[in-house]
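What follows is a set of structures to go through.
Presented sequentially are two complexes of chain A, the first with chain B as partner and the second with chain C.
Now for the complex of A and B:
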């Protein structure tokens, strides 16, 4: 072991990873360059990616000034029409937003390190953590 | 074998350990993870961090 580190919340830098995370969590309908609606449809905002489930469960990504992405949603809608896969990851204080960010981080790291020749394996802990082991010979 | 063990906590903080990379080059292996996060909360270097990595340009004596 050479060092170990604890970092703050990850930023979203890989929109493909976000799409993969949303699909894994049941927001399977993904479209690009569109708008996201609020619950009553009174507000709409442009997004680079929109992942949705049903009529109202929508989560979008907007590129920010840093070149990273901000997640945007009417979380009231998401919590009303939550797909079962996402619902299964919620609870014990973990919100839908945290679950999507956690899975996006998993896919971001997997895509990055696989591209560098690493083998990636995942396990889900009972405490809600995702454990990843990435190895390269 | 290089091995990076990562835990993505439910609050989305990231913890990781690196094994099998001697010297400061282990920082290169994980710089993507550090860049992904806004800030590092804690970090601790272990003995392996201070070991010299193998020198590829080392000449054999004869």
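Now for the complex of A and C:
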């Protein structure tokens, strides 16, 4: 007797995992405790982490009242100046935000379960899903 | 060896055959539904696995409950024959 468990959209709970995900997706410049601005430079918001690529592609992470994190970006800018690694993950209705969230969850799980002695392996599917296999002897 | 398999969806979700070792609720609200029934057949003397969704008998000749659970885990793993039935 088994049960199927599903979470439709994962919250971001690990700041370091977000940074690792952004680096893997080409947003390699990461700084802490700064601000993020929209395309025209208005509406600056404080963020705990800012990951960026080029001049305009910026994605920030801001801690919320629940102790989790909200992703903040001017997605218009992200879509105008997208690193190739992130671009490769987009399409078929899949946004940059979806891809960054998915990769953040991947790194969150990997960090957590590797620290518990699991070996973690990932396989990309054609539909954009990632299969994760964790093994422990 | 313990093996856990899960799928990270393209839209940023997570789904898997439930395993207590992985607490998906830390990522937010979860939904849980029964995948299958694993029971002992008194007439045949074997354990069987039956789909909870369709009622179809999937495996009827397991000599132990552990063997039935192990078979079921592979069958319903991401990419396995029964995965599409769950998602």
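Just so we're on the same page, the second predicted complex is superposed on the first by the 133 of 137 C-alpha atoms of A that agree within 3 Å, B and C clash if a C-alpha of one lies under 4 Å from a C-alpha of the other, contacts with A are read in each partner's own complex, and residues count from 1 in each chain.
Quick note on the criterion: a residue touches a chain if its C-beta (ideal position, glycine included) is under 8 Å from a C-beta of that chain, and two chains touch if they have at least 3 such contacts.
Note that this is a predicted model, so its numbers are computed, not measured.
Peer 1: By the touch definition at the top of the document, which applies to A:9: first (chain B), second (chain C), both, or neither?
Peer 2: In the superposition, A:9 contacts both chain B and chain C.
Peer 1: Go through the superposed model and pick first if A:94 touches only chain B, second if only chain C, both, or neither.
Peer 2: both
Peer 1: Which of the two partners, first being chain B and second being chain C, lies in contact with A:131: first, second, both, or neither?
Peer 2: The answer is both, since A:131 touches chain B and chain C.
Peer 1: Go through the superposed model and pick first if A:102 touches only chain B, second if only chain C, both, or neither.
Peer 2: both
Peer 1: Just to be sure I read the superposition right, which of the two partners does A:54 touch: chain B = first, chain C = second, or both, or neither?
Peer 2: It touches nothing on chain B or chain C.
Peer 1: Residues on chain A in contact with chain B in one complex and with chain C in the other?
Peer 2: Touching chain B in the first complex and chain C in the second, residues 1-11, 13, 92, 94, 98, 101-102, 105-106, 108-109, 113, 118, 125, 127-137 of chain A appear in both lists.
Peer 1: State the interface residues of chain A toward chain C in the complex, per the touch definition above.
Peer 2: Residues 1-11, 13, 92, 94, 97-98, 101-102, 105-106, 108-109, 113, 118, 125, 127-137 of chain A touch chain C in their complex.
Peer 1: How about chain C: which of its residues touch chain A in the complex?
Peer 2: Residues in contact with chain A: 1-18, 22, 24-38, 69, 72-73, 76, 78-79, 86-87.
Peer 1: Under the stated contact criterion, what part of chain B meets chain A in this complex?
Peer 2: 1-23, 26-27, 30, 32-34, 36-46, 48-49
Peer 1: Which residues of chain A touch chain B once you look at their complex with the stated criterion?
Peer 2: Interface residues on chain A, with respect to chain B: 1-11, 13, 92-94, 98, 101-102, 105-106, 108-109, 112-113, 118, 125, 127-137.
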